[in-house]
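In the two assemblies presented below, subunit A is common to both, partnered first by subunit B and then by subunit C.
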Partner chain A sequence: MKGWRDPVALLAIPAIAYLLLLYALPLLWLLMKSFIGPGGLTLKPYIDFFADPFNWRVVWNTLVVALWVTLVCLIVGYPAAFALARAGVALQIAMLVAIILPLSVGVVVKAFAWQIVLRRDGVVSQFLVAVGVWDEPQRLLFTQAGLVLGAANIFLPFMILPIYSVVKLIDPRLTEAGATLGATPLYRFLRIVLPLTLPGVVSGIAFVFSMAVSMYVIPSLLIGDRFQTLSTLTGRSFLFMRNEQLGSTTAVVLLVLAVSVVVGSSWLARRLGARA
Partner chain B sequence: MSFLDVSGAEKSFGSAMVLGGVDLGVAQGEFVSLLGPSGCGKTTLLRIVAGLLAVDRGTVTLDGEDITARPPHKRDVGVVFQNYALFPHLTVAENVAFGLKAKRRGAAETREAVKRFLDLVHLADFADRSVRALSGGQQQRVAVARALAVRPKLLLLDEPFSALDRKLRETMQIELRRLLRELGTTSVFVTHDQDEALTMSDRIAVMNRGAIEQLDRPEAIYRRPATAFALGFVGLSSRLSGRVIGTEGGLATVETAFGRLVAPGSFVAGAPVLLAVRPERIKVDPPGGYAFTARLRDAVFQGSKVQLHFETTEPDQLMVETTDLPDGVPAPGSEMKLGWAVADTLLYPAP
Partner chain C sequence: MTALERTARLVMWFAALVTVVFLMTPLVVTVAASFGSSSVFSLPPPDWSMRWYQRLATTRGLWPALFVSLEVAAFSTAVALAIGTLCAIALVRGRFPGREAIATFLVSPLMLPGLVVGIAMLQGFKVAGLREAYSSLLIAHVVITLPYIVRTVLASLSLFDFSLIDAARTLGCSYPSALLKVMVPALGPAFLTSGMFAFLASMDNYPISIFFTDGWTKTLPIQMLQYVEENPDPTIAAISSGLVLLAILTLVVGDRLVGLRKLADF
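Right, the complex of A and B next:
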């Protein structure tokens, strides 16, 4: 109970008031719309939503793209975080700038840039033809692969940075100690490095997944209306269809999905970490 | 060939030569200390033996096998690190079991070894604790148990006591020495603490600037330091600079600020030398004629002994340790007669 009497806690009042009044309450009010029908409280919007196979497709699209983006970020970002943490001072600063600076470029600008890159005559296509992977130029724009590629690029810093912050704290002597105890490099990685970096990996996954599952601008520009996700559907419901109830329903479904994947993955990681 | 044999080990970092062709032989079951100031290359040598650092030139053989190019996990060389490097995500028992599991020993064998080594370091009651909850001394014991549990051919210890307070350190030194002797583990111990090296070692390698200056038993290192550096680094000494007048029958006569003194050694006449005596070897009011007078600057009472510092000109240093002062601690400024046996005199080329 001491915490409540501590006057320092009062310093949080402006932040709490701001978030509560201007963010949480309107959000709650919006989300409640999905539970309120003409005759009071109802679950009908949800029953209708899940009765439509198109909506199942939307949920599936959302999850698949978000998982792919998270996976690509993890595969690219995990080793990058090590390179960053173990680099010399000058190189480390250069790498950090290279990772953080692009965050200041707007998502819209980056998505447009990717449109150019992913075109039939874009660099990716030209490269794959040049090295002989593809026989003729192909369009990656407006495909799922293109969307994943572009989104992974934009969210990559949010995977690298939390892993980097954990790797930086690992004493390099730990793997040396493992080696002198007879552990092979693979064993050292699995039993020392991986368990110790797991907290960083979990926060990286939580960051990237929650952003990828709810991204709106990037799919709009890189894949278009033919491919609907929960957030583009939410946007359409509010902006074009003026269907606030459908919009708030999809928003709630999205929220529940994102929260459960994030919570679930951290729970799983803790289990794995405890076992290792 | 010795059990561990390092020959011609050279290592540079950039343009800085850290090891300049070091040879070191350690017999099976022996405890050898690498003693030297920081930056002398002792830790580099240890890391080379462990395989954590590659030599530029030279070879390392262990138990008859050339292990120069072998990665650390295939060497059978255990290390106790200075900061212990315990795995923070594992319990005490899991830390000790780590090497056994990595080497795929059976579950029963692992359990037994963990229990045995935790018993040996008196940590059986702490098996399931997190290593983060342990004190420094306990962590150090976990590190020792972890390194020994896989029964390495050779154990390397990198200043394992440096983080402990003095009293604990002394207890742990004796404990560790006893444990290693019981197990018959060949050990190389890195330290900058001469007392630690003198207490624990079968032999000491005094290192300076990337080279071993003397490798010998502690007593020999103390009584007969091979170089002026070894003299200065291990133990206290009175040191007088002088010039050789002549050598006759293996005895050199040296002109010093306190007159002509005789020391065993052969130098050409006129050579600048450093003449030294261990302070407890100097007698106050010695019987016989070999003596000179000096003025007392300071007397430090240390309980069982008294340390007397005499007035000299820089860089000379004249210090006497005595337990025998029948008239009590003398007052500064008193003139005292000092002398020592010729055999106790050490003579080096002037550094």
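Right, the complex of A and C next:
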């Protein structure tokens, strides 16, 4: 093709070559190796993996926690994105700082902080006792609820920002026009606002869900070894159990899961974008 | 206003309040715990003290880990800035097929599970005969920082008016020096913000770094997680507070350069 002779294209070569050689190739190698047994091509590692009920439990744990985290982020993040778009200057600055500042602090720092927050005498427990939800202090650390709360906290900005980026573009005259034409507030929300925000919601869900599926440091610190996810099992097989076979298999399962979330969501976002 | 609209408004402001309090909680708790005298993180602390900060000087392994992290982050950000910017120029100015796909490919390390990327690299580096931890870290972290650079510089470059370069060349600049004198200053804010976030991402990375550490070479997050697992005391909170301070500085600089609202662009 003639286009390939464009000399400007040469400038892209260092970055592309770097990633191809040091990132894409190793990933392909990992993928290929997981299908190659002693006697040629094989699906045996995957058959063995899915034959073990413990591994189904691990996949189930991964998906359930990721779904809960995504749900919590969506419930808090959707209205918060509207507030961010419509807030006055002072509140908007407060919200932007609260969203961006934690993004620049490492995940180890935040997960460690949640270890303190979720203790029996931690702030969450103190708060719930003070408002009368709990009769006595309880420990949330090393429970699933604690894990979901901590992870939702760390991923919430990735839900708010994509939704905010579409909410701020909505023309207020659209809902005013709806009101003039006699649409009720609920109808205006469902037929005008919600469809316009869907692309943002889809990308927010995709961000949070794929990060929650792959998180490693957060479950290691907030729930411990008794609760395994695909990611912690992968890490353990390589770092502690020295079981590279199992680790490669879980890594590929995790990879397929994450890639399908990314591909599926971008397909969905494109469809929604085309319709809107 | 109907009751429904009032409820919706109430939910919105309540969510805003919850967001601010919820998101700031871990940072506030960390800083508070680091100034407490209690070694078991009682909050509010019984007494205030600086003893955990005094301990930082003698915490074993902390300073070497910090320096490894800083060096790796600085190196990988610099390399990513160079090759990422060149690539962004090609993607914006070039007329060759598959530019969209290439952009997606360059940003894709952000979207894949870090642990899987780390394992793949570990095995790939082994095959290539690279076993030394420090150089492996340097090489691997460019893959972490590159997406941040490409994403931001690409966005900023597509708004850049390239006829300015032609103008500079008409006035007697060579092409490289026109790029250097006209484009680089115009892209300054993009370089600085993307560089900062790439730097922080490298400093923060755990799931890839964990495969490239040995007894002598550890990055800060790896060393910190080791402290948390072996001997959790508020010294970690003191280190964390230092990192929070770094994040605040980044935010202030980012706000001065491009504004908070721009930082929130996704």
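To be clear about the criterion, the second predicted complex is superposed on the first by the 243 of 276 C-alpha atoms of A that agree within 3 Å, B and C clash if a C-alpha of one lies under 4 Å from a C-alpha of the other, contacts with A are read in each partner's own complex, and residues count from 1 in each chain.
Keep in mind that, in the parts below, contacts are C-beta pairs under 8 Å (C-beta built on N, C-alpha and C of every residue); 3 or more make two chains touch, one makes a residue touch a chain.
What you see is a predicted model, and the numbers here were worked out from it, not measured in a lab.
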Winner on subunit A touched-residue count between subunit B and subunit C: chain C
Partner chain(s) touched by A:26 [first = subunit B, second = subunit C, both, neither] = second
Which of subunit B and subunit C A:137 touches, first, second, both or neither = neither
Determine, under the contact definition given at the top, whether A:195 touches first (subunit B), second (subunit C), both, or neither.
-> first
When the two structures are overlaid on chain A, which partner does A:182 contact: first (subunit B), second (subunit C), both, or neither?
-> first
For A:173, select first, second, both or neither according to whether it touches subunit B, subunit C, the two together, or no partner.
-> first
Can you list the residues of subunit A that touch subunit B in one structure and subunit C in the other?
-> 185
Complex contacts: residues of subunit A adjacent to subunit B = 171, 173-174, 176-185, 187, 191-192, 195-196, 273, 276
Name, in rising order, each residue of subunit B that touches subunit A in their complex.
-> 50-52, 71-79, 81, 83, 85-89, 98-99, 101-103, 146-147, 150, 152, 156
As the complex stands, subunit C meets subunit A at residues 2, 4-5, 8, 11-16, 18-20, 22-27, 29-30, 33, 41-43, 82-84, 86-87, 89-91, 93-97, 102, 105-106, 109, 111-117, 119-125, 127, 139-140, 142-143, 146, 150, 196-197, 200, 203-204, 206-207, 210-211, 221, 224-225, 228, 232, 236-237, 240, 243-244, 246-248, 250-251, 254, 260-261, 263-266
Residue numbers on subunit A that touch subunit C, as the complex places them = 1, 3-4, 6, 8-12, 14-16, 18-19, 22-27, 29-30, 33, 76-80, 82-84, 86-87, 91, 93-102, 104-110, 112-117, 119, 121-123, 153, 156-157, 160-162, 164-165, 185-186, 189, 203, 210, 213-214, 216-217, 220-221, 231, 234-235, 238-239, 247-248, 251-252, 254-255, 258-259, 262
